[in-house]
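Structures follow.
What follows is subunit A paired twice: with subunit B in the first complex and subunit C in the second.
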Partner chain A sequence: MLAALVSHFTRRLMVAVPTMLALSIVVFIVLRLLPADPLGMMLPPNATNAEVEALRHTMGLDRSLLVQYGIWLGQVLQGDLGRSISSGVPVTQLIAHTLPATLELSFVALFLALLISVPGGLLLYVLHDRRGELVADAALVLLISIPGFLWGIFLMLGFGVYWPVLPFSGRFSSDVVAAGPTGFVLVDFLLRGQFGHWLDALSHLILPATALALGFSPLIVRVLRASLLEVSHEQYVTVARLRGQPEWRVILRHMLRNAFLPTLTLIGVQFGFLFGGTLLIEMIFSFPGLGNMMVQAVRNHDLPLIQGISLVFCAVILLINASVDCLYAVIDPRLRTS
Partner chain B sequence: MSIARLVRWSARSLVSCLFITCASLAGTAAQAQSPAAEEELKIVYPVDVPSWDPTAVTFPAGQSVYKAVFDSPLFIDGDLKLQPSLIKSWKWADDKNTRLTVELRDGVTFHDGSKLTTEDFKYSFFDRPKKDKKLAINGFFGSLKDIEVSSPTEATMVFTTPTPTAPNYLGFLTSYILPKAYIERVGEDGFQANPIGAGPYKIVRYERGSRVILEAYDKYWGPKPAIKRVVFEFVPDASARVAMLESGRADVSVQIPLREVNRLAKNANLTAKIYPYSEIFILQMPSYVEAFQNEHVRRALHMAINKQAISKAFYGNVAKPISVLATPGSPGDVPGYEFKFDKKAAQEELAKAGYGPDKPLKIQFLSTNNAFPSDYEMARAIVQMWSQIGVQADLQEITLAKYLELSHSSKVPGVMLYSWANATGDPEIFAGKILDPRLRFSTWKEPALAKTIDDLAALSDPAKRFEGYQALARESTEHAWSLPLLQSVATIAYKKNLDVKVYQTAYILPAEYRWSK
Partner chain C sequence: MSTLPISTRTWRPGLSPLKAAMRASPKAAIGGAIVLMLVLIAIFAPYIAPNDPLEQDLLSPLLPPAWAADGMAQFPLGTDSLGRCVLSRLIFGTRIALWVGLCAATGAMLAGCVLALIAAYFGGRVDRAIGYLVDLWMSFPPVVLSLILMVGLGTGVGNVILSIILVDWTRFCRVVRAEALKIRRNDYVTAARLMGFGHLRVILREMLPGLVPLILTLFSLQIGIAIIVEAILSFVGLSVPADVVAWGVMIADARSTMQEAIWTLIAPVVGIVFTVFGFNLLSDGLRRALDPRQRARN
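After this line comes the complex of A and B, so read on.
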């Protein structure tokens, strides 16, 4: 089974390569079509035209777009995404520093979203055709209508200012030193046995992750409820009920697992939005992740950094989609044999 | 019964979620509510520094952070007067202002303990910039031909042309003395990773995009900082900066929205201030856009702006209206001169250019949003004022970086609302730079102005120089080459028991702050 899964995963990754290439072309060309000159930010105002042209030549900006793209792609394939215009630091170094923070935030948000939405979906299914359904539906619509960043502001004011029990800035407190092999502070602090620091890092994650999760979970609740309703009429469910199994066991053992497949599809597709949602949430919570850096890069017109982050965003989303595809096979034995 | 069990299961899941939250709450609640130690100061600051080489970037917003770690040769004080710093004394060695002899303070050390000498001075201002043309310091010392080192504490800066304002630049953006031996030993990347300077604080830890933790340098040559540990937390969102101060997680917050200043001022535990500083709001006119080549159009646009109303609406009347390219009371200001708001005269000027209510003038108008306090709101108000005289301005939001790129490539498509920083207050850096057609950030490209500016820059008599710049600034207003609007304002809020000194430069200098008893 493992070999089949690896093979399936590899195939999915191969399919992702053309997508990555297409995206790299789009990003590269669009950024260069902007009516602005990146050299404007790189040289002092009194630089002579000769100095401008010399730098343009050094950077290869006087060559055709195709050649420029070829040079850039060649460097990317060697792991060199160039240097940030605003800081002069290698883009790979900047991304390596911030990507774990964003991934950690996204995964904790996903975990919280599942914690909220699985019981929520079950509750809504149970309430189907009952008195409480209308109220629950209304509450769900309300939750869907509130975007993640607004949750961020509500949570910050609620738990950060008026009842100041949770931190809402940064990844951990200023007296905590993060150093570890993975860059994921929750993992690194655990590996080093620093449970106090682990709790500190977790507490910094709770508000931004909850803001992301609250924006994400209503969708899962809806799809899960719909899937449960759909499978509730399946033959195997009827058989289980006829065998005298209690309703809760029918739902948890037989219906939930099958109803979860469409939900998993949704999670795979929506994870991209969740990952993208970190842009605003990281900004609001001053979370030093990839999204925050992207906002700064756009503000500074830092082309190499924008290109690098776009590529990484795309790669992560494709990787997640490939992983979700593999998860189908784990959950549904029929897909494994096919 | 079965449903009840299911509901119980759902409830158990939710409880487990709550448990995790509560566990972390318990772990951090005490910390969150603990008062700040008197030895520490936490400043919430809107931007991180783009680079740890302070000579590489012209970045006014980051100067407060740079000034804590690095030291500049001269210091511009609260009244915009030059004061000795790493340079103890300075004098011109000739009448033409081409040779400036400086004497460095003896016994100054960098954070690694090595001694700061004129070799470091030469390296920072001459050798290194000559090798790397990308360093922004080149923009301020372009006429520097050499630095002659006479001793470890004495050197002479040699300029190709008379440069009487050179001392001003020694206290301005990008002017910092870097450690030559250290940079040569660890390399440029090594210096970026572990920067050291000769400033009052040394870096303990830097987390890019998040915070920099500083500790007082015990061998600092100047007065020892009263607060031993300073944390600059980089919080780009203005609401979050306010929230951090209100919740007691920060001691000082800067660049807070003006509407919040009035609210925070009512808080018994906080002090909040709006104060004018050495920047001016101007409207940049691109001379290469056809509509703005007509002087009647430019003057009409200027006359139609009610600056006092803008100041009252957005800056609580703290931002003073200006009529020339200089802050009120600075050497470039023209006492008694006022360019008056006159809607009727504006309509007449516009009519002379062939425009009016039946044939409105259509222009593009660019403004940043939140790069400066209430910038976009001011731009919207100006659009309304212009619409009353028959000008249809298409307001577009733009980032500062994009504007600079457009400006540097002479492609600005319309009027641009801009905040011009000049921590020296010298008119050369107001009218002299804004109107210099050779500079890539100027938008009014009148070739004849180059000679005027060169002649003014070479005047060694400060009185004559200031007089000349006043005349130039007045001429600029009369011809509407660039429209002066208001003196900019800065905002700050901090805990009541903290002594904070505000500067006209708007720099935040924690080395001078102290907790009151």
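After this line comes the complex of A and C, so read on.
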């Protein structure tokens, strides 16, 4: 079973390789449309033309687009994403520092989103064809209309400014030093037994993660309700009812488990939505993650950094999609034999 | 057109069109009413707004709304940090939101539907190629792709629209293709082809009409999405020049003063949510009203 899973996963990853290559071409070409000259950022304003040309040559910017892409791809394959123009630090190093923070934020947000949306979906299903349906329905549409970054602003105002119960800036308090093997602070502090610091890091995560989760969960609620309605006509549900099982047991034991499969698909497909959402949330909460760095890089026209971060974003999403595919096999026994 | 009665039940004479629409699909009717109101506000903005949205009154910055103790009747919703009238900016912001929403949704619809119809009609290799392109595009987080595009294209309203089209055509393409494949299998399409009609005629006259309800639903949904994306890009500072009044810019401006002047933040937020809510409600209502499966249940 495990071996089959691993081989399935590797096969999925093999398929993702050409996709990744194609994505890198798209990113490369789009960024070369740039009207502003990236060299403008690197040279002092009084640089002579000869100096500009010299730098252009050392960076390979005077060659054809194809050659530039070839050089860049060769370096990427050796694990070299170039150096950030604005800070001079290697891009891989910058990403290695910030990626764990963003992943941690996304996973906590995903967990919170499930915590919100499973009861929400059940509630909407129970309300189906009852008097409250129209109101609940309109409320759901209203919630879908509020993007995550607005939730971020609401939460920050509510729980950070007016009723200051939670911190809303950074990843942990300034007196806390994070130095761990994994880079995921929640794991690191636990491993080292620093529970005070762990609570501190968790409290910093609550507001941004909730904002992300609130932006994401209405989508899950909608699909969960639809699939609950669909399975409610299945024979096994009728059989369970005829066996005299209480309605809550029919819903939780028999319907929810089956209705969860389409929901899982949605989560896989829409994970990019959640993961991309970290961009603005991190900016609003000054969270030192990949998204915040991306916004800075975009403002500074820092090409190597933008390219590197975009690729990492895509790679994470392809990985998640492959993992969700494999999760299917674990959850749905019908898929296991094949 | 938004208040047209899309009746799923029998038409009852004597019922006013408005009431009929409410009865057939309350969500579509309310959503349509909100959209109609916003369109009117956008068109007549110069007549409704109490002040020039760009005029700075540096003597009265951060005034509270008129009903507060030290508010001024001249500025019903107060002023921002540069002394500009918040209500007037809110009203003029409708224009850019609707313009971007409408243009971006139309563009994404055209691009997505053309590719979807070509894929579904010709099938085989063409279909696989277009399908691969959609999958590829969707591996980008939408926000990241639109940011990269804005960096590549440069700021400006036209480029915002273009970047939203380039990001969101996939939504139309994926959904419309799936539906078009179903329609393609119908006998009347085969019959039309056997009668020797040209490709274009079969696609436009036989396949497209059956897709119109779905496309309309997606279109309304897409306007809402485009408005949010525009607000996000303005918020990051990548969307429009400083002399254009946009809700995202208002939110970004208000962030620095939100502790002392919360109304400068609330106004654009309410504007965005209300507008997107209107379009989503319309889309949701249309989906139910136009879906034959739902019709059977009623």
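One rule holds in what follows: the second predicted complex is superposed on the first by the 338 of 338 C-alpha atoms of A that agree within 3 Å, B and C clash if a C-alpha of one lies under 4 Å from a C-alpha of the other, contacts with A are read in each partner's own complex, and residues count from 1 in each chain.
What we mean here is this: a contact is a pair of C-beta atoms (placed from the backbone, for glycine too) under 8 Å apart; a residue touches a chain by one contact, two chains touch by 3 or more.
Everything numeric here is computed off the predicted structure, so don't read it as measured data.
Asks: Does the subunit A-based superposition show subunit B and subunit C clashing or fitting?
Replies: clash
Asks: Determine, under the contact definition given at the top, whether A:Val239 touches first (subunit B), second (subunit C), both, or neither.
Replies: In the superposition, A:Val239 contacts neither subunit B nor subunit C.
Asks: State whether A:His301 touches subunit B only (first), subunit C only (second), both chains, or neither.
Replies: both
Asks: Does subunit B (first) or subunit C (second) touch A:Leu23, or do both, or does neither?
Replies: In the superposition, A:Leu23 touches subunit C alone.
Asks: Contacts for A:Ile153 in the overlay, against subunit B (first) and subunit C (second): which applies, first, second, both or neither?
Replies: both
Asks: So in the superposed three-chain picture, is A:Ala4 touching just subunit B, just subunit C, both, or none of them (first/second/both/neither)?
Replies: A:Ala4 contacts neither subunit B nor subunit C.
Asks: Which of the two partners, first being subunit B and second being subunit C, lies in contact with A:Val135: first, second, both, or neither?
Replies: A:Val135 sits against neither subunit B nor subunit C.
Asks: Quick check on the superposed pair: does A:Met293 touch subunit B, subunit C, both, or neither? Answer first, second, both or neither.
Replies: Only subunit B is touched by A:Met293; subunit C is not.
Asks: By residue count, is subunit A touched more by subunit B or by subunit C?
Replies: Looking at subunit A, the partner in contact with more of its residues is B.
Asks: Taking the superposition as given, does A:Pro167 touch the first partner, subunit B, the second, subunit C, both, or neither?
Replies: After superposing on A, A:Pro167 lies in contact with subunit B but is clear of subunit C.
Asks: Touching A:Val126 in the superposition: subunit B (first), subunit C (second), both, neither?
Replies: It touches subunit B, and subunit C stays clear.
Asks: Same subunit A residues contacting subunit B and subunit C, which ones?
Replies: 34-36, 153, 157, 161, 283, 295, 298-299, 301
Asks: Which of the residues in subunit A end up touching subunit C in this complex?
Replies: Going through subunit A, the ones touching subunit C are 19, 22-23, 26-27, 30-36, 134, 137-138, 141-142, 144-147, 149-150, 153-154, 157, 161, 269, 272-273, 275-277, 279-280, 283, 294-295, 298-299, 301, 306, 309-310, 313-314, 317-318, 321.
Asks: In the complex of these two chains, what residues of subunit B are touching subunit A?
Replies: Contacts found on subunit B: 1-3, 5-7, 9-11, 13-14, 16-17, 20-21, 23-25, 27-29, 31-33, 42, 44, 48, 50-51, 53, 56-58, 133-140, 142, 188, 192, 205, 207-211, 213, 231, 233-237, 239-240, 243-244, 246-249, 399-402, 404-409, 411, 438-441.
Asks: Applying the document's contact rule, which stretches of subunit C touch subunit A when the two form their complex?
Replies: 26-27, 135-136, 138-144, 147-154, 224, 228, 231-232, 235-238, 251, 255, 258-259, 262, 265, 269, 272-273, 276-277, 280-281, 284
Asks: Which stretch or stretches of subunit A touch subunit B in the complex?
Replies: Touching subunit B: residues 34-47, 51, 54-55, 86-89, 94, 97-98, 112, 115-116, 118-120, 122-123, 126, 153, 156-157, 160-161, 164-171, 173-174, 177-178, 196, 199-200, 202-203, 206, 246-249, 251-252, 283-286, 288, 292-293, 295-296, 298-302 of subunit A.
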